[in-house]
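In what follows, chain A forms one complex with chain B and a second complex with chain C.
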Partner chain A sequence: MNPQSLISSFHPANNPDTLASHERAEIDASTRFPVLLFFASAIFWLLIGSLLGLISAWKMTHPGLFDQMAWLTFGRLRPAHLNTVIYGWASAAGIGVGVWLMARLCRVPLLHSKLLISAAIFWNLGVLVGVMGILAGDSRSIEWLEFPGYATPILFIAYAFIGIWAIIMFRFRRPGHVYVSQWYLFAAFLWFPWLYATANILLVWQPIQGSAQGAVNWWFAHNVLGLWFTPIGLASAYYMIPKVIGRPIHSYYLSILGFWSLALFYSWNGMHHLIGGPFPAWMVSASVVASIMMFIPVVTVAINHHMTMRGHFGALKWSPTLRFTVFGAMTYTVVSLQGSSMAIPSLNTLTHFTDYTIGHAHLGLYGFFSMMMFGAMYYIVPRLTGWEWPSANAIRWHFWLVAVGILLMVVSLSIGGILQGLAQFDPQVSFRSSLDYATPFRWIRGLSGFLLLGGHVVFAALFTLMLLKVGRQKEGPALFAAPVKPEAAPL
Partner chain B sequence: MIAGYLLLIGGLIFLSGSALAAFYWAVKDGQLENLPEASLVIFDDDEPVGTATDRFPSSQ
Partner chain C sequence: MNKLPLLFLGVFITFASSWLGLVAYPYLTLGNMQPLPDEDTGGYFPPSQSGLAVAGQRVYAANGCVYCHSQQVRLAPLSTDIAKGLGPRQTVARDYLRAQPVFLGTMRTGPDLTNIGARQPDQNWHHKHLYEPQTVTDWSIMPSFRYLYKMQKIQGQPSADAIQGLAGPHAPAPGFEVVPSDDAKALVAYLISLKRNYPLPESPEPPAN
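Right, the complex of A and B next:
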């Protein structure tokens, strides 16, 4: 590409094709390679991450497990699990879904796909280097930012590519209304590189001193959920639910209100992790207030999704996308209201430093976000490969294994956590003995890990069959619009 | 240290400013008007309102 055409490609007026009408299927086909690349790597990291999580979980009941191997000690395994699922699985899946949605909602075929392919390569390289670094003992011991300093710039390059790509796509969109999902996606793609860079600069390259590190740490960690995963998950739900059942969102006004109130309140939430810590009281109080204010965006989303679904709940029987998405949407309401309640200081003293918090984190990242991503993938992948999911029963297995698995995990950790917290209130009970209250529930949590891993294996197998196009092609209703058959696959 | 703070503050101003600018643009562009109609942008002639677009593969 010569410099002149490179420069002109940044302005829509220079591209006569941009405004032309394009079929939806063509747009889908244009996203094929980058999106499937992100999905495939996400699913790979999901399997690795589940395995790391499963071993970490069993170490809580069997501390001697694998204790001869330094790289499998809990202090390395647990951050390796966290970072693999956050960056390897959830973020990559979210980027894939976000890219597909952006192209559809901008109503133009994907531009600059090389930018995205490079981003995917850098992304996976960054995660690989980071996870290996943690397992080798280079963890930075800052929760959610454990990746060693030599891995984070690689990830940042990928983030920056995606941010630039999002701006270009938005610039070239077909004129008309900007749908609410696009607001969410655009915000996520632009907020996150900034968040990530700021946190890394202030904690790694130019570390600030003392307890302020904790403030930056939790400002970042909570914003990963609030300004990265939540907007992508909600963008998917705001598209998939109306699209699958064929009915516009109940109150579009509420959805816009929800977006702007989320943008206003969520970034203040992080300090509620530091209640009781060595911080100015106003900082923590402001955060507690903002956490309670989150009721507004959460309730707008809950009302909207419920009222859109009303009268269509039968659709959960026939649509895999909807089944996962609605599970995720319901969980979003529960986990957000639970999160707000956990920011109330009197309740926080009970749940903090117990398994209850671990349950909450998994409900958010798995029950809400990962289920949203599964749902979106069930919709997107057939439209990219021009192939139908090979087995409805396998999809049902996937759903029930992970749905039961995550509920079992969250319920057991919550009960165990509360018992543990109550024991910590009792001056007669030593801290060591308070842990015993959680032990039986940690066994149940360990078992739930097998269900989740099983579900992921089923999903990975289904996805692989889709990529390889095994079996006969079905003229399936999941592809109501006859798909444009993609060219010979570069995959 | 100083560079870090400058970067942080500069970033904050830039990001907050761009969010405000985005909101200003949305209002001025008429993005927040006629919302009931706007919610229909995800439907097309070949996938209109009332058409379900996903189903378990076996129930075809």
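Right, the complex of A and C next:
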């Protein structure tokens, strides 16, 4: 096979075994119920999670807010917010998108949808029990693993179903090319149960001794981001960008390099959360090196996506899917390079214990991953419901509210965090100063929360209208403007 | 890349490498570390904790103190933690043998608590601070933990464990007193137990300058 035919076979649309439109419709129909179930619950948890986050944010400037109620104390709200958005929103949205992509790319109607429906039910039960447990005071305060020991087995059952389903789908796919998105999804669906089982056994059910807990904790927490959310987000970008602009991915070889370097380096990143801490030096050093090496997968993917988009940026004007996805893809590059820089020990000691880290986490999970999920949902939901998004204007509101909201949040937390860090670092400066520097920026962050929540309310309303099929049936997709046929790409 | 076994193998091996390095290795080494016997007293470093302090760890976890308070004194001169007075020496793996769970923390919205028991050994100070933080430090943004305390009418003699010197807006009216719940007592016992002022050969105190 010569490289040219390999590249042209790479894009699903150019594949010799490309699906006829009725086959696509049949596959989409087979995914309808489980995928919509995951989406609906994800959006529900997104609203709850945003509200919990908003109250937590305002508690930083108003410590007296609801302070007579144990279940609303900051130390319970914050983990409730984090776990709601991680497990309730982001994971469920990611699974929904992943399931739909798997069925499309395996080119077979969804097999064993009962497995997925059970997974969705267990999943939401697990999140509900877990969040209630945290608010009731059963959290163990292990970051990203706060769900009490009685909630996590429920989630694990759900994950196991999904992993088994993914293997079956992959096994019974229609022969032909395996698209890059499938590598990422396949890997993510295998890594997660392993990750989650290890961390729960060693930290929640039979806690190990001493500072080894810290190592396992951050190996887990960073890999949830790196080996669960990141591959799903990238799988979505690798599918949506070529789909919307109708052009194959720039380079097959860059895709391979990006995938394997991510698998190797990301999994070693966790210890950069523990620089200067009570661990053997080699462990921390290995993670710092792996974090810097993340430049390779990140830059590779950035070049690949950029070169694919080149000459087609005009499509951002009309396609909601593309606008969210490209925002997410660009943020992925920025947040990953920022993350690598934060692993440099001298910078890390300055910013580690400050709001700067909080800003970074939101840029990754929201600016990259959540935006990617919004983009994918704008593409997928009409294909499942057979209904078009009722209002392009509402989608526009959604985009601008959350785009401005997240940038405002990250910029304010980053500036406040650096000032806070400088004050924490200088032995001549009092502890109080580190608070005083951060406070005005925390106010801005609190305001940004309203923008995000507002955007989510708009999105939830749109999604509900889609499910109920309200309004008159639209003839074409809801676009921001009439699509412009792109000029020949200057390649 | 059309071969499922190859993909599976690669995905497995890359991940297994970090599992061995960052999970199995610390589990086998740090997870089996022992306290150091103290020949002078027959005790151990780190010293064993009282049952009340162990129970206090659970209260600390349940109310999420770790989201604002770290418990680690990092390496010098990479960090200035020692110069900032967080502790006399860097904290090392052995310091955390009795912690369950280990509250290393990722934020310093509030001060580090590695040595809070040495800085503030007074029980009443801690109770007063947890009950109404702003009357102890007026610029503090710590929330009140009033829900761990009970306001009650004084029956005859005031209770021995009632908090002394409350003066803020939630101070008891004349004839009333504020007493700590079992959780509050456990939490304070735990906080006072946080002292890393014993010597460990692997973490010598840097000379004062």
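Here is the rule we go by: the second predicted complex is superposed on the first by the 454 of 491 C-alpha atoms of A that agree within 3 Å, B and C clash if a C-alpha of one lies under 4 Å from a C-alpha of the other, contacts with A are read in each partner's own complex, and residues count from 1 in each chain.
By definition in this document, contacts are C-beta pairs under 8 Å (C-beta built on N, C-alpha and C of every residue); 3 or more make two chains touch, one makes a residue touch a chain.
What you see is a predicted model; the values in this text were computed from it and never measured.
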item: Joint occupancy of chain A by chain B and chain C, clash or fit; value: clash
item: Which of chain B and chain C A:352 touches, first, second, both or neither; value: second
item: Partner chain in contact with A:392 - chain B first, chain C second, else both or neither; value: first
item: Contacts of A:219 with chain B and chain C, given as first, second, both or neither; value: second
item: Touched partner set for A:315, first chain B, second chain C, both or neither; value: first
item: Partner chain in contact with A:208 - chain B first, chain C second, else both or neither; value: both
item: Chain A: partner with more touched residues, chain B or chain C; value: C
item: Which superposed partner A:198 touches (first chain B, second chain C, both, neither); value: both
item: Contacts of A:242 with chain B and chain C, given as first, second, both or neither; value: first
item: Contacts of A:178 with chain B and chain C, given as first, second, both or neither; value: both
item: First (chain B), second (chain C), both or neither touched by A:263; value: both
item: Stretch in clash, chain C with chain B, out of 4-12, 22-30, 40-48 or 58-66; value: 4-12
item: Residues on chain A lying within both footprints (that of chain B and that of chain C); value: 177-178, 190-191, 194, 198, 202, 208, 256, 260, 263
item: List of chain A residues in touch with chain C within their complex; value: 59-61, 63-64, 67-70, 73-76, 78-79, 137-143, 170-171, 177-178, 183, 186-187, 190-191, 194, 198, 202-203, 207-216, 219, 223, 227, 256, 260, 263-264, 267-268, 270-271, 273-280, 283, 286-287, 345-346, 349, 352-354, 357-358, 424-427, 431-432, 434-436, 438
item: Touching residues (chain side chain A, partner chain B) in the complex; value: 24, 105, 176-179, 190-191, 194, 197-198, 201-202, 205-206, 208, 239, 242-249, 252-253, 255-256, 260, 263, 315, 318-322, 378-379, 388-393, 395-396, 474-478, 480-481
item: Contacting residues of chain C [partner chain A, same complex]; value: 1-2, 4, 7-8, 10-12, 14-15, 17-19, 21-23, 25-27, 29-33, 60-68, 70, 72, 74-75, 78-81, 83-84, 90-97, 99-109, 111, 133-134, 139-148
item: Chain A contact footprint on chain B (complex, rising order); value: 1, 3-4, 7-8, 11, 15, 18-19, 23, 26, 31-32, 35-36, 38-44, 46-60
